[in-house]
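Look for chain A in each of the two complexes below; its partner is chain B in the first and chain C in the second.
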Partner chain A sequence: MSLSPASGIGRFYAKSAKIIRFVRLGCTNRPFYHIVVMERRKNQHQPVIEQVGSYDPLPNDHNERLVALNTERIRFWLGKGAHLSTPAAELLGIAGLLPIHPRTYMTAWRNRRTAAESEAKAETTA
Partner chain B sequence: MHLVRQIRQLNGLQGLRHALRQVSTAPTKPATLKYERDPQPLFTDAETQKLLQSMTQLHLDRVFRKRTVPDNSSEIKFMTTEQLELEFQSMVEKAQHMLQMPPVVKIKEDVDRIIAKDPALKDFADTKFVFTDITFGRRQSERKVVVRETDGTLAYASLDTTKRMNQLYFPLDGRQSYTPRMFALEELIAKCLTEHKYEYVMDRLLVQYEPHEPEFHNISARVFEHLNESKQFDLLRSTRHFGPMAFFYAWHRCIDDLLYDMIRRDYLQNAVELIALSYKIHNVPVEYQETLAKLDALHPTPAQSALTELRSGMRQPEGQQGIEQEIHSAIGKTEKDFTADEISLQFIEQYIASEHALKKVQLELAVQTLKEVNQEKLQLFQGLKKAHGIQAS
Partner chain C sequence: MLRASCQLLTQTALPAGKSGGSGFALEFVRWRRKPRWLPVAKSKMFRVPERKKQSEEERTELMRLHNQYKTQLRSVRQFLREEVVRHEETSTADHIVLTPEQEEAEFLKCVDINATWNAKIAKERDQRLAKEREDKVAYVQERLEARQLREEERREQANLRVLREIESSKTFITRENLDAAIETALANPVDHNFAIDLAGNLYRGRNSSQVPDSTPSSNQHALSN
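This part shows the complex of A and B:
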């Protein structure tokens, strides 16, 4: 799929439901996401209204995951009443743009529990 | 199969780059001289800037020399005299723009600026997240980059990370995302310096680093120290790096070699300016403004002299002016120059006699030689004038 400009080429109705969501680009075993605004009813690979960021979920050499956010446009679309997909909402929460999403707390808590359990298991076997 | 091999090769290269980055964290040999307090207010001061610009000089053939750029082509046009005059002026303006000095500022310290701490977020992911604001039309300096650590702290990114992200999302032409080998490996930079490629190193340094970065200070100080030993100051004259270099020497009280070079090349006004600059930086109670004002009245500014040089290519009207011009071009000095030289020599000798001069013997000898040459020139000048029957004014 060829890339469209960040200003987007997607056509949309003025009153249709918009959503800020990820579009999976990249290839097999190498995910890469664009954060885009598009009509809610459309499929992710259809033309978007606007691209507002990108997210690389694989850590780089410095062990960090890179996210780019066009905060000005994101705030604009949120003000227009755009919806948020859960992963996008989580990411914006982590970025400090929105309150932290409950699911992030859930993941954190589950990760801590798993770590504690595996530690306890290691202690009992030792 | 071929593709797989290529990808492997690329991965191998990346490993190499990684290794290089490791090297770059161990900095090249540190310079011994550092700015111990903020030099910026003194450097950006209007008077200092004027002194530095005057010392840099403006040789158009130096500023507009051929460079290693893709397009060095020139255009040939027919013009009227007025158009030519306008073109001259715009050229000099352009040259002044190209000679704008990079600022000398202190090293910017990294400060932790924490936005929020959320212990409940501990271990939400196994790596940290770096968020870059890519809002259209922001300047690099005002772009926000924030980091969410794995323990749930949200903070502004360090200067290093901010620069990396800026370069990633808004790349600057010529700046590498990793440390260039030239600056990472000690033997490469040492080789550049021994080959006297000072301007090249400084230009590349300016592209790669911001003036407030420690690497910039370190490497530029090294270049200037090396220059002070090799005494090839003329290589940087009429480039944008001459001003910061003179400022560096004046700040660190080692102007004597540069001063000797200036006297030897008969740039006496520049020598006076250099001494004045060092007096100004170290608050030495010597009145230099008066001498400078006198010299300013006698000498044209670099821009003016560049303009006269450009105009001299055009045909002059014949007459009395022509003979005087000829005498001037034969000797290289006018009456004004001789008076200016006298004033400057007096000031320079005063400096040499003071306790601020370190290489007194050398400087005295240079001044003595210059005086003798000047004396001869003056006699010749007067003799020629008499022979041509021009009244001494």
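This part shows the complex of A and C:
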């Protein structure tokens, strides 16, 4: 799998469906994502139209998960009618560019519930 | 890949367990499933997979949130679409339409700028060329002087050598004084042979029994021949 340049060498039809989504790079047990614009029907490891950001999902030493976004180009492509994959929409929602995605809320309340449950279980056993 | 791995697994590595402990270094984890053409196992034939339970309130809440999100995203998209259109209209990146007069004026302006640039560069170039010429002249002059010096030195060396030769030619044997030289040589034979003993005494001559040059020793006669 070769790395295509961020400026993009992917060929595309003018009226085909584009999508902003992640491309999983990195390796086994070490995910790393490029946020790219490409034709929706294409495989994620095909050449991209344009790279608009990167996302490192594993927290670093300072407990940060690093995201880089080219918001200007994301706005451009969204204005051009590009679709959004769900993880990309969640990330952009958290970044503040778009409204918060419902899945973010859902994950949050499920996490809260499991935390409360485990806490209750710990209290009953102790 | 799937089929090959499955066949390999059925032949060799299937009894070895899920992924570890196979006879050799084959480990299939991701593609461990049976071939497409095998039927559903008898034990699984009537198994009904359990549906994930979703509470009613969560479902309604998610529905509400999704409706809200979609509405908001639609308006954001509308805004961005308008922004792109606006940007395309206002930007002069690739669609400037000019009248012929404007084009002419633009062209003249470009020519002017080009002429000033050319004049400036020509001035710089002339300066540079003049300097290069000067440097070259100086270099050639220097080389010429050096060559002259070298020649003089060489001539002096040659003169010295000629004088030396003339000086030594006075003792040369020529056709005229050949007989005299032969007679002199025959009259004065020179024997360059010598022997030397362990003490360092020198015995000159091939057949002579002369006393050695340095201090005499007891075995001089024995070694003299």
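What we mean here is this: the second predicted complex is superposed on the first by the 126 of 126 C-alpha atoms of A that agree within 3 Å, B and C clash if a C-alpha of one lies under 4 Å from a C-alpha of the other, contacts with A are read in each partner's own complex, and residues count from 1 in each chain.
Basically, a residue touches a chain if its C-beta (ideal position, glycine included) is under 8 Å from a C-beta of that chain, and two chains touch if they have at least 3 such contacts.
Worth saying up front: this structure is predicted, and the values here are computed from it rather than measured.
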### Task
Once the structures are superposed on A, label A:61 by its partner contacts, choosing first (chain B), second (chain C), both or neither.
first
### Summary
Per residue count on chain A, the busier partner among chain B and chain C is B
### Query
Should A:72 be classified as contacting the first partner (chain B), the second (chain C), both, or neither?
first
### Query
Which partner does A:26 reach: the first (chain B), the second (chain C), both, or neither?
neither
### Query
Between chain B (first) and chain C (second), which does A:101 come into contact with in this model arrangement: first, second, both, or neither?
second
### Task
Mind working out whether A:81 is in touch with chain B, chain C, both or neither, as first, second, both or neither?
second
### Summary
Interface residues of chain A shared by chain B and chain C, listed 100, 105
### Query
In the complex of these two chains, what residues of chain B are touching chain A?
18, 21, 115-116, 118, 120-125, 127-136, 144, 146-148, 152, 154, 161, 164-165, 168-169
### Task
Would you mind writing out the residues of chain C in touch with chain A in their complex?
58, 62, 65-66, 68-69, 72-73, 76-77, 80-85
## Note on the structure
In the complex, the residues of chain A that touch chain B are 53, 59, 61-73, 94-96, 100, 104-105, 107-109, 111-112, 115
### Query
Taking the complex as given, what residues does chain A use to touch chain C?
75-76, 78-81, 89, 98-102, 105-106
